[in-house]
């Protein structure tokens, strides 16, 4: 199976008291199944992964596994935590629940100590033990770790490390990686970088925006596949502002608010994250209205 | 009770299979009690705190609480985790176990979202709920978050937020903070900054080096208190290289190796951290020998 | 006149004693005229601009003006220096010499003081005074200044500020800029970002690599224009390593060495820059050989 | 001759039309001679050095040389520019004008290329050629270059490289440097770091604040020398906010405004720098009033 296309890194819904809302998760997942998505990822940064206990992580996977069974679509787990054995343990659980692969954020507290050698050992131990394919998740804005090209090239040699998501939108590094490892699967980490990444051979994107606006992102992919570059460019440019707003701009709280406005259950973030304020809500309202008109 | 003096942010000992070695912890703690320390902190960055489960955190506190009871010395807990309610919950547990205060690293995964407002809300919620005094732990090298002066000044207004540890060794920011809040308790975050911090009114230091070399650090404090500036300077300068080696230089694995060479149980780090290599061991051997001669 | 296509930001040749080699410049320029370039830029970062006196800057423009007269191609000047009046003065000189536009690096010594307001005032003063169109040169790796989106949008309102070169290869920011100002002229700042930038509507690139390998870069542009995306992608990926080597990798000394191997006069850099060492030369030899075979 | 004590890195005065005001410079210099300063530095960052032509640099040195002759005080030149030969040439001129030493900012445009080897070669060439002692000026906030410890230790071996100014206020690095090279002369780069730097053996400070408030800074040095640590600390803490305001806070325009309020000629900065606004003026007015009361 090849992992490619458009994926939503879904938010995890919480009730007003911040408790896990598995019923809302199920409803949302069914709605996402009806969107032009190739799958979902959970939990990732947009899922408040660092705010979930291990039990909660398992619970959301079980719900996802049930909803996606026989759907023809796939889901990827987020299993990266600080310790190597914990990352392996969670990956085995995710595989049991039906994950098609895992997207693994690096350990990152001891940033300076996460050397080339340490990262190789960590990911290789995982890839050796994992029954499902491993993908690297590079998101320096959150981890403070930006994978070096040589580390990526070395990791790509492992038969069970098949690709990565680059949330740093580094077209230069990804281009060099694809020159060295043409078969490595590269995902854009944000909808704003989709077309540039496709142009150099990326397999798709895993982007916050696809939670609420899968249609235009899929249209970009389709137009690109059909060599309709002008259409692809036009749509790509039209979503830049909203794409920024629901990720870099207003973070998970912004994305959850946007979900509430587009037929999903968004709900509150967990503290310390706070809901978006008045100005952000107005800005998002305008952007969502523009999107619906388009 | 005032919290001041020399504190060791102790490593947590693991067996060869990476399991928690509570017996070794107890032995080490008793040895630290005999050193010229005013107390210990656990778990902090030197304790591989991000690699401990909640149960393990509780277990080390229980051991520490028993060993320190009636010792005349105090211990501070590290209770900062990603979620606000979890941080509060852990703080209540630490207080039950006998912690004299808590040193709280900020939530840091969503770095960009950890705004002035979010940090205020997080720490104030904690300080309101905590039965023990709260101290802020600023360590941008690991968290990617460097507290703004205005945030520190605002937090210092809370009666239960009494001080901080600044592992960024920022004498300018600490000086400004102490101008605005003369009674705030400031700790140097590394032994290399002890004398500069004392000179502007710091209460002491919480430093990796004090795990293995409390004597010279205490001598600096004593010489400073006695206005023997030349002696204080001479000792301070003499420990700069070893101080760097056991923290910034070789990280927790370096500190654990140094413990093994100085009568404590160091043992292995947990993966992904790897034990120090041959060159680092030789360097540390030489620095420790020099220290013993001095 | 529209400014678009493929531009070489040319190195300035020096004799062995580091004196300006205007004869070599003339020879090189004539050779570049025969390449599939739309023009050249001088002096930019690849020209050791910060190492040229004002008189030398004028001398190279005069040579360039003569060589390019009636050539059907254009050249852009680099006129950005630290002071606003000096930048204006140099721009007037460049225009006299025949420059079709100017690419202007921001003042950058007082980084913190180069606020939105200061940058607006600087560029607007220049654009008001300049008889030729002004383009912004964003190169944070050298200046430590990364233009904010809002600053770019505000500057783009000025009728004489027509475009920019983004050497940070930030497809997200450029996409947002093009959504806000669809007619702004955006150039990729390195050959490795050419195709991703074209995909979102860029006008071309100004890249070190085009000094020595204009052919493949022009082929990428042609294939893209002809909607032959597979060919464009294949060539783009094939040049990633050499593109990195002659810019980020080995800097101006690496580029000058590559010129010496490809029929141009490269010559030595000015000190403090030092010629590339043995390992770099071997690496570049291999990359150049591969390129010639392709 | 030993270089130590309190130095003012003086602003260069300009007339309203931004032309050099040598008469104002002379008046200011005479006033500084009456302050408890050991000397001045010009041009440095506070002198808008990057905004001076070579001729202007020479002109200010000539005035300074005349005013300081037979004054019993010394002045240090700032001679660091981008090219190695230019830096040497300017240093020879400064020596002719009577400079007691030179404080040399590193070349910094090609940040990535300013490797350990390149910096060694640059400073050693200069130190070999210079008739006056060379001091290193480390100011990463402006240059983007932060000298590595190993580079400083290697440069300190040269008999004509006698010291440095560290505007990064890095007490850890300076402590390590002084452990390795106890005779190296270290200056704090800001008044806010004076006492912490003195505590580890620094020779004094070269600080913006000493232009307008030499008295309290000298009192700190005197109290420290007399082992009156409580007085030293009290004064040090009392100047933290104004110290920040006239440097990091409001930059050269803030310092020039403060000079205008304290009996010197400050005058306008050169563009692109803009005079400070209303809020900054009010803030500075308050801080200056507090200082006079103290």
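Letters are used for the chains, namely A, B, C and D, taken in the order the chains are written, and counting of residues starts over at 1 for each.
Here is the rule we go by: a contact is a pair of C-beta atoms (placed from the backbone, for glycine too) under 8 Å apart; a residue touches a chain by one contact, two chains touch by 3 or more.
Keep in mind that this is a model prediction, so the values were computed, not measured.
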Minimum number of chain-to-chain touching steps separating subunit A from subunit D: 2
Please report how far subunit A has to rotate so that its Cα atoms sit on those of subunit B, a copy of the same sequence, as a value between 0 and 180° in steps of 5. 180
Could you classify the subunit A-subunit C contact as same or different, where same means more than half of all interface residue numbers appear on both copies? same
Starting from the mean Cα coordinates of subunit B and subunit D, work out the distance between those two points in Å. 35
What is the distance in Å between the mean C-alpha positions of subunit B and subunit C? 49
Note: subunit A residues in touch with at least two other chains are 248
Can the chain contact pattern be summarised as a line, a ring, a star, a complete graph, or none of these (other)? ring
Which chains touch which? A-B, A-C, B-D, C-D
Per the touch rule, the subunit B residues reaching subunit D in their complex are 169-172, 175-176, 178-180, 182, 190, 192-193, 195-201, 224, 227, 229, 232-233, 236-238, 240-241, 244, 248
List the residues on subunit A that touch subunit B in their complex, please. 18, 45, 50-51, 82-85, 107, 109-114, 117-119, 121-122, 125, 141-142, 144, 248, 251-253, 270-274
